Each structure stands twice: as C-alpha cells, then as structure tokens.
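Look at the two complexes coming up: chain A is in both, with chain B in one and chain C in the other.
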Partner chain A sequence: MNWRLSCILACWLPLAAHAVEVDPVPSVMWDFYHKQFLAQAPFVFDDRVKLLAPPFAEDARQVPLEIDARAFNGHVVKILAWAELNPLPKIVDFQPKAGVLPWLSLRIRIEQATPLRAAVLTDDGLWHVGSTLIDAAGGGCTAPSVVRTQPGWEEHIGEVLGGRYPRGEFSRVRVQVAHPMDNGMVSGIPEFFINHAQLRDQDGQVLADLELFPAVSENPNLAFDIDAPGPTRLVLRDNSGNEFDAAIP
Partner chain B sequence: MTQPARRQPFALSVLLGAILLSGQAMASVTDEDILQDPKNPGQIVTNGLGVQGQRYSPLDTLNVDNVKELRPVWAFSFGGEKQRGQQAQPMIKDGVMYLTGSYSRVFAVDARTGKKLWQYDARLPDDIRPCCDVINRGVALYGDLVFFGTLDAKLVALNKDTGKVVWSKQVADHKEGYSISAAPLVVNGKLITGVAGGEFGVVGKIQAYDPKNGELLWSRPTVEGHMGYVYKDGKAVENGISGGEAGKTWPGDLWKTGGAAPWLGGYYDPETNLLLFGTGNPAPWNSHLRPGDNLYSSSRLALNPDDGTIKWHFQSTPHDGWDYDGVNELVSFNYTEGGKEIKAAATADRNGFFYVLDRTNGKFIRGFPFVDKITWATGLDKDGRPIYNEASRPGAPGSETKGTSVFVAPAFLGAKNWMPMAYNRDTGLFYVPSNEWGMDIWNEGIAYKKGAAFLGAGFTIKPLNEDYIGVLRAIDPKTGKEVWRHKNFAPLWGGVLTTKGNLVFTGTPEGFLQAFNAKTGEKVWEFQTGSGVLGSPVTWEMDGEQYVSVLSGWGGAVPLWGGEVAKRIKDFNQGGMLWTFKLPKELVAKH
Partner chain C sequence: MRWILLLCLGLSLPALADLDYALKPRLIADDTWLLEGSTDSFAKANGGNIVNTAFIVTEAGVVVIDTGPSRRYGEAMREAIARVTPKPVIQVLITHHHPDHALGNQAFKDVPIGALAETTRLLHEQGDGMAENLYRMVGDWMRGTEVVLPTQVLEPGVLSVGGHDLRLLALTGHTGADLAIFDQSTGVLFAGDMVFYQRALTTPNSPGLAVWLADLGTLQALPWTLIVPGHGPVASDAQPFTQMRDYLTWLDQLLRDGAAKGNDMAEMIRSPIPERFAAISLSRYELIRSVSHLYPRYEREQMQPLLRN
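Right after this comes the complex of A and B.
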C-alpha cells in the first residue's frame, strides 16, 4: 500500500468511493505538473471535482469550461486549473471565500487535444484533482486575435458586460470583459492580459480572488455563484498595470 | 513581460505582483545612492552619471594608454523585428544592467554574462504619435523599482527582480500627441518626468509622482497661462499660473496649444536644490501666427523639486521660427574665476550657441557659437538674447499656400540635438556632439486639430560640407575656445562619456564606438558594433575590472527627417544590441 492510499484510508475513508488511484485521463504530463504546480503534495483523482467541457472544441480560441467543486463547499482553499498540452498551460488560480461557491465558469484557449485539470485544495491539505479530455483541431493559442482586427479596440479595454441572475439558493454573476488577452505567442505582439481579478462585496470584502493566465480566452467570460446578499464589484488588473472596476448590482 | 522558463511558481495572487523566489538579496536604490552617483564605481543609478549630468566617471583604471586593450566581453540582442533607434543609457545596480529599447521595451541583463533576466514589452496602442522614431532614453531606479515612460505617455513602475508591473499611470493622452521618450529622474524621493509632443500642439508639462504608488504630487505646465498644481490627499491645489497670467507673450488663444514640451527630461543640481529642464519648440512652427516671445518655449527652466514652482528661466530662442527646441541638457559645473567659485550651468543649444549661465539665478554669463555656421542670428546681446537676422526668418504665407523660403543654418535638427554632452573635471572641457547642417524652410497656413501634426512649415535639410556633418568638439566653457574637433561623415546622434582616464567616448551612425584622448582629440580606440551607435556610453567597475557599455541600433530622427542628408545614411542598417567591453585585469599593468 503506498502513501497515497494509506492516507486516503486513514483520513478520508468516507471519500474513498470517489477517489481513484488511476489517472482517469491518459496523460504523459501528470507527474510533471504534480511536481511543478502542486509541489508533489498529496492528492487524489476525485470525480467529485467536475470539469465540464465540450468533447470537441468547435472554436479552439473560445472553449467553455466549467469547474464545479461544490461537493467541497466550505472547505475549498483554492482551485488551480490547467490544460496539460497547451504551450502556456495555466488557466486560473481561483480562491473562493465565504459567500462564493467553489464553482467557476470561463472560456479558454486550446492549442491541441489535451487533458484538462482542476486541482482543488481543501482545508485538510489534500488536493482533489478533477480531469477531463477535450479534442480539438488546434491552434487556439497561436491564432491571430479577433479583438485586434476591430478598429478602436483600445477604446473598449476593460469594459465589462454582464449581470446577476437569481438561481434559487444563490445567484449567478456572469460577465464578459473586453480585453485582447494577448498571450505573447503571436509574433510582434507582447503579452497583454488580465492577470488578476477580485470579486468584492458592497463593503469591499473579498469574495473571490483569481489569478488569470494567458490560456484564458480574449474578451474573457467569467461566472461565479454567490450565496451572499448585496451588490458586488469586480476589480480587474492587467499585466500592464491597467485597473478596471465594474459594479455588478 | 517575457521571462525565461527557469522559474514559474504558481505564485499566490497579490496585487503587487509576484516576488522572485530565486533572486539574490540586493540593496534597493536610495536617495543617497542617487546623490552619490558616480562616486560608487560599482553602480550607475542616474541618467547622466550623476544628477548634474556631467557624464564624467572618476574611474581611471582604463586610460588613454591602455584603452587599446579594451575588448568586448558580451553582447545582448534586443530581438524581435522591432529594430529601431536605440538611445538609452544603461543603469547598473548589484551586477544587473537595466536599459530600454525601441518600442517601449525594458530589459534586465546580468552585467557579468549578458544573460537576460527579464524583459518587459509595453503593449502599445496602434495610434501612438511619436514625432521622431519609437525610441526611449532609459530608466530610473529607486527602491526596488525600475521606472520608464512609454510611447503612449504612461509612466510604468516594474519590480526590479521580476519585471512585473507594480503600477502604471497615464501621464497624458497619447491621442492628443503626447508621448514619453526621456528617462525619468528621482529627486528627493520624487519621480519626475516631462512629456513629448511639441509637433502636435500639446501643452508641455513636468510632473512629479510618488515612486511607491504612482500618486501624482505636482504638475507644472511649461507654457505661460496654464495653472500648476500640487496634490494633497488626492486633491488638486492651485500652485500659480506658469508665467503669472495668459497672453503676456502669446497672442490670442495660441498658448492653449503652445507646445514647449520638455521631451528630453532634466537633471538636478543638489547645491542649489533645483531641477534643470529644457523645453521644446513653440507650436506651431510658423512663427508669424504667434508674435511674442512665447514663454516658456525653447527655454531652460529651474524648478523647485518639492512643488514644481519655476525659480528662474532662460529663453535661448525667443519667438522661435526654426524649430530650435531648447531642450538640450543644462549641465551643472563649478569653476573658479578671479579667485571666486562660480556655480555655473552650461548648455549647447539646437540654435548653435553654447551658453554658460549662473545656475543660482539663471543669469547669462557668456555665450558663443559652437558650430561653424549660424545664419539666423548675428550674435547674442549682453543678456544672452539673440540678435536676429530678420532675413533668415521664413516669410509669412499670407494668402499664398507657401511663404518665402529661406536657407538657414543650423538646420531644425539642431547644431546639437538630444545627444548629451559630457564635462570633464580634469580638463575643464565640455565634449559636444554637434552637426553642421542647414535647411531650406518655409511657412504654411495651419489650424490646430487634436492629435494632428501642428507645424505650419515645410523644410528640407542639407549638409554644409561634402566630407562631414558630425563634429565632436572639445569646448572650453570659460573662453568659448574650441580646443579640438573630430569630424564624422554622418551626423552624430549619440551621447558622450568622459573619464578620469583622460578619455572621451562616443558613437557614430556608421556603427563605431570610439574613444578619444580628452586633451588632444586623438582617436585612440574604436570598435564596430554592427549598427549605428545612438546610445550614451557608461563605464563602471565590477570584480576589480573597468567595464564600458553602450547600445547599438541605428534610427532616431535623422532617417525620418533627413532630407538630402538621408543620402548619407540610407545604407545604414538598423539594429538592437547592448555591447559590453572590459579591460582585463592582467592587461592593466602592462601599460
């Protein structure tokens, strides 16, 4: 019995039904990312971390991805997501606080067919890794930007469209932010992307902290589930130091 | 921001950017470091090798006898397709070199090996409006931050270890024609910058920011009639109209688009606690549209660094009609005359005259031509005001589309342009990179339109001599005497460095970095860098050896505005390299 399993049996026996020893998606990269992103910390592959993505990326530049760790609601420290075979694999580092569910929806770029991962760190120090596979024709990370072909795009940087929609127990905030999210892989165009987002409540309390990476699509779409009352604000910052502040009632 | 892949920790999100995990413990740059520069031979933390801008190094390990052993140790390419004019002066702190390249790029390079540590590429909008190439003249260092201005008129602060943006502030609107090309400077804990844009009818201004967070502290317009402000707790408090009131030296509404952009930045004199800035041409170029002296265009300004108040001004070209910007650096130096120490400042103007001023009050001490041909003025009066040759002012267009054209020397690109001169405390001489050229210039009608060129003039530039345009001159500021000259075929466009080792360094558009005997002007060393040298060389000491670095990369204003001069330079290739040389230890004793 290796350390992983003993750990599971000792501490998380009730969870064992959801944890699997074998990587649910075939990946040559898991050991590498386990070391690089999770510092070889204890983990389980866990089907309660749900990654919802289409089986095939119709548009490799705009692939919808939903990360659902609501099974661990109240115990989530952070969620890291990445696309294993992307040239720039990291997608997001999401830290939901009290008032926001451990659920996130966004759109990403896919360079080729790849395993997608979301690793959820719970407050007991264990990483729960959700996985899925996506097929793609490819090229989403190196294709020319659509935003940049639109004249006057600079005028609209940081504009936020969206709203808040009641969904019974909680409400869902959905936004789209105008930004080219240049990832630096198109020749002659330097990196220019939103690298930080914060969802705050009416008192300025942080509801969620996000570090974003250039695997996030241009004109990023983000959605959060909020179970706290009152209006919210989304504060964004890009790697050029531009700051944007959107009120979401 | 691009960075080698050697470290990519999943940094916890913090608003101020990631902290380097593998970085060495390094001291941050203090006010004292800045004021002491260049006494600490291991670092260069000011643009100008000292806040006074003398560009004089007290190092003498490398000297006129052993300079022939100076050899390259590494070269660093700026990469990409963006090879345009490279005009920065590198800074060195704790074995790291910080410099800028064309298109608002910043590099941090290991000074020992030339290995890139990080690179920051500003994301520029498509509609930037630089008048004269997409150049940048370097960074400022303070605390743990690296500061520079962008072509879209932002001031950006980067973490010195990671190159990540700590803050970014819009200094002015690039759509009105503003940009920033000069290196900012830090004085008494304030980060100070000018702006460019005199060709677009902007209003020149000098502004101070809190280096920690980019908060605006004061703003001083350089055109008469505009209100200056100091900022207290985020609120603007009026601090007096520049020049007292509008309309005194400007007619009608033209002061509202008056130019006078302090685009070359400035220096600081700790002895008088004054910021010394130059201002650019009045807008538009057509002087018949704006009778009067047009203050403070084509002037030198002394400002209180605490609040931006103008303490004195000296206007080198009142009512400029030739694009004789007065931005040229005002270099503080002391000399003795009749047993008395004079606190002076010297400047070599675009208009062809060299001025020595009393820097305590801006009074004119003396002035003299430093180029062979000046036609627009016959001399200077006792206060330093030019005695105009009215026949050399291009005519008013009247009802015609074009006024009478006149031939004038120097050309609008100036007897000396942006390239900074150096002052050697041992020889008492200024080393001035100058150019001998003239122009045909005529006026045209013009109306102001936001963001469009606001010149009202046409021009074409011409060499005065077949065999040279550039002349590096050694000039005695006490007598006006030219001690030596060295001619160059193409126009000189690079900065000058002088050292205690009796050396003068400067570069040529032909690609050579050259060294001269400071006393005699004899060329004692040169090295072909592969592209034109427009940068300002520096020298420093590391591991007991003396180093020299300079940027190479042809471009700048000459190829864009060169007229007939363009024929001399059209075959020069562009580039983007940082070259570093040293005198190996074992060769020091040999000579």
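Right after this comes the complex of A and C.
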C-alpha cells in the first residue's frame, strides 16, 4: 500500500462505521465489475450511498431507481450505476457540478433479478459503492418496444415533457423524453438511444453531464435536484446524432 | 439401484400429496356456497389459493363463479361441488381475466364458460404471460395449467338459471372488464375484484381510480344482503364498500399530491401508509405495484411540454 492511499484511508477512519467490509448483496460479479468499470481502484461498500429501488420489479421495463449521494455533497466527481446481471449492465454515468445535488432518479430495464450498484467517486479518489437487490420476473431488456407500437411515434421523438417543482432550498427538475431507447436486443431493431444529456444554466454553464446507456427505459424519465437559480436547459443527443433541446422554466 | 428409486419415491410422494387445496365449501346463503381463499399473495405455501370462488346449486344445476388459479384448483373445486350436490355443473361465470380467477377453466371444459367479451380478449392477450408468472410464484401447483378461453359472451342483464335470477353487471374499474353478479333470489352480491376486503386492492389493468369509485356506487346501490368480495371475508354490512372508498380516495390523493410535488416513483413507493389501513393485508406490496401501474398518468398531468429554444 503506498503512502498516499494510507493517508486517504487514515482520513476516512472516522467514517469507517459507514463502510461495510463485506458485500451487502449476494453477488458473483463484483470482482469483474470492479475491474471492468472501476479499473480496480480503491473502493468501500458504503451505506451512505443510497440506491433506492422497489424490492421487486412490477414492470421490468420501467423500474424506478433513485441514487442519493447527498452525504457527499460538494465532493462528488461522478456517479456510475449498473445492473449486474443485465445483458447490458451500464445505466448511467452522472457528473453533477456546482449547482446540482448528487442525486438522480430515473427508470431502467432489467432482464432478471439482479444486484444494482451505484459507485460514487469522491474527490479524494475513493469509490463509495451503494448496493441493493431487486427481484423480477424478468424480460425487461428483451421486451418489444411499447413506443414503436404507437402510430406516428417517429414524429414525437425528442419531445420533452417536464417541469420544475420548488422544494424550499432547491428545486426538483423532472423531464420525460419521447424516445424508443432501442437497445439492439429486439430482433431487427438496431441500437437507437439517447446517449448524452447535459443540464445547463441560463448562461450556458454546465450543471451536470450524463452519459446514458440502453439500460435506461424507453421514454426516459430523469429527475434532478438543482440549487442553482434561474431557468435551466437540457440538451440531449442520441446515437444517431439527433439533438434535442428543452427549456425548463 | 432399486433402493435409490424407492428412496426417491418415498421422498417425492409426501411432497406430491402436500399439493392439496383442501377446499371446504361453506354455505353462506340458500343454495350458495363459498370457497374462501387466503388474503396473502401468491406463494408456494398457498398454491395461489388467495381468491374467493363460489357456486350456486340451482334446480337446473350448478352455476360456478370463477374457477381459481390453476388446473389443480379447478379440479379440486369440481370435486368439492360433487361432495355437496349430485347435480351437474351447467354454467361457469368468470368475473374477470386475472389468473387467480380464470386459470381453473381447464376443469370446466365440458360446460359453457361465460365472460364479458372484453374479458375474453384480455385473457387471450395476457393469459399466457400471467400463467407463466404464476408458475414462477407458486411452482408445482400450476403443473399442467393452460389458458382456456371462455366459450360464451355475457351481456349485462338478467340470466335466469333454475329459479335464480342472476343480474349481470358489466363494470370496468378493476380491469376494464369486470362482471359483478347479483343473485336477486338470495340477495348475494358476487362483487368479483371490484371489492377487496381486508386485503389491499390490485390495479394492474385499472382504467383509473375515479372509474372504480363510480362503479362502487353502482354496486352499493343494489338491494344486496351479503357481499362476496373477490378477496377477503364476506360481509352483510357496508364495511367493504366503506373500506374500498376510503383506500381508493387515499391512494388517488397520494398520487396526485406526489405528482404535484415532483416526486419520483421510487419516493412514492416509500410513502407512509395510514394507520387505519394497517389491518389490510399486503398494503405496502400493493402500493408498490399501484405506483408502477398508475403513477405515470398522474405525473404526466403535472408536466408541461418544454419548448425548444
């Protein structure tokens, strides 16, 4: 162990009560993802990263997921979330900047019962991993698109519904984007999904950057908590190069 | 080798013998028998017997109301009927297409199986998926169960069978096609899943809680003397209606308020459940499901199109 890592660990000792030694969920994949997504960087299983999902998926195509890393407000570099046993595990890479709380909610697809993870990289270089388990009848990733059964869906692509909901100290911003989010797993339909979203303030300053993956449900729902004042803009881009732009009051 | 086989037999026979619904019909009114299920969720321990089914022994023969969750249940129901009366089963009425009410149809293939036209359509569309899910949840109890579609289209109105005038009502609040049966001769109202009592209601196909509330008004206005809910104990007073209304109104307001505050689904499923619903079985479980079914409609009402600049 090099001296820098020792220092970091020493600094974190008072908080060790929150760090769990053993994996809180039964997982056969942790070592693999630790290597694959976190490049074997130092990490702790940490119950201060709250990953909130229902205990079971009522609709495996639209599973609500809330990632709450507000315990690390001001120190979050990025949040990476994935569903371990999904054929396409990655969900989101979320980088909140000043003005946006390290909190995100969205809906995802899951293919079977699986551990879910949200790894939060703090500015000291340590990953804090929040975990939960969800049960499911499954099939959420390979189910045919609902959007594509609606006549004229092509004309609505990129339409954004949403609003701002004041909550005292900050405000909740919610958006729902019309998009099939095709993950390439349904026969004959290639990948076609929104892969990037950026939240900007009125001066064009970036409030948050998101990379989205096809585990995100069709017609993506995203919610942010913003403490920056003034109107916001959401700029979205899909993997076919379409760009969508929504003004949030 | 032989002793291994014997050992396997010895181990498996008791396991098979355990899969017995042990249905015990209970006389609840003249000619009217109830098979009351538990108020739990589908589980291997109950074989999916979480539902109330019933039969009426008329002069002309037996009218069956719902056939239960599996082939095994349907067959057990038929045996239970035979223990009560030598009369043949002459009519089956299916209240709605949900698996716990209609997957016993296989045992009644020789009898006209009546349902609303939309119920048959929904069962055709969703039956296999629902049966598959039940196999996952209750396991071997389901062995051999397949969807059998109703063979007869029921229209609202009075169906007279062997001295019982059965008033058929076509409602929509629970699944979009819900048959309620009011036996005008005995005053028994078979409410199907339009009424849950002491068990949280389920909403996977509901067209909306307001529709359901309006339908409850229609049912309550009938001159009933006994209510048979789809799930939960029978009642001779209006308690089941009061509880349904209270719960539906609360759920509607909860979802409305949540959407107005910009809550997401994951937050909604953690909402506190009022103390007065504490005795209702599975209220948290069903809240999680209902949020998934219904909340998207509430949240869209609270969103505006965001113009592109």
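The criterion applied here is as follows: the second predicted complex is superposed on the first by the 240 of 249 C-alpha atoms of A that agree within 3 Å, B and C clash if a C-alpha of one lies under 4 Å from a C-alpha of the other, contacts with A are read in each partner's own complex, and residues count from 1 in each chain.
Here is the rule we go by: a residue touches a chain if its C-beta (ideal position, glycine included) is under 8 Å from a C-beta of that chain, and two chains touch if they have at least 3 such contacts.
Just so we're clear, the structure is a prediction, and the values are computed from it rather than from any experiment.
Shared-chain residue A:123: touches no atom of chain B or chain C. Residue contacts after overlaying the shared chain place A:21 against neither chain B nor chain C.
Once the two complexes are overlaid on the shared chain, A:31 sits clear of chain B and of chain C alike. Contacts of A:135 after superposition on the shared chain: neither chain B nor chain C is touched.
Touched residues of chain A, counted separately for chain B and chain C, are more numerous for C. Common to the chain B-facing and chain C-facing surfaces of chain A is no residue whatsoever. On chain C, the positions that touch chain A within their shared complex are 132-133, 136, 260-262, 264-267, 269-270, 288-289, 291-293, 296, 299-300, 302-309. Interface residues of chain A facing chain C in the complex, by the touch rule stated above, are 52-56, 58-59, 62, 64-66, 105, 107, 137, 159-165, 167, 172-176, 221, 223, 233-234, 244-248.
Within the complex formed with chain A, the residues of chain B that make contact are 1-2, 8, 10-13, 15, 80-82, 121-123, 125-127, 154, 156-157, 164-168. Here chain A touches chain B in the complex through residues 36-37, 80, 90, 93, 95, 154, 182, 184, 187-192, 196, 209-211, 237, 239-242, going by the rule given at the top.
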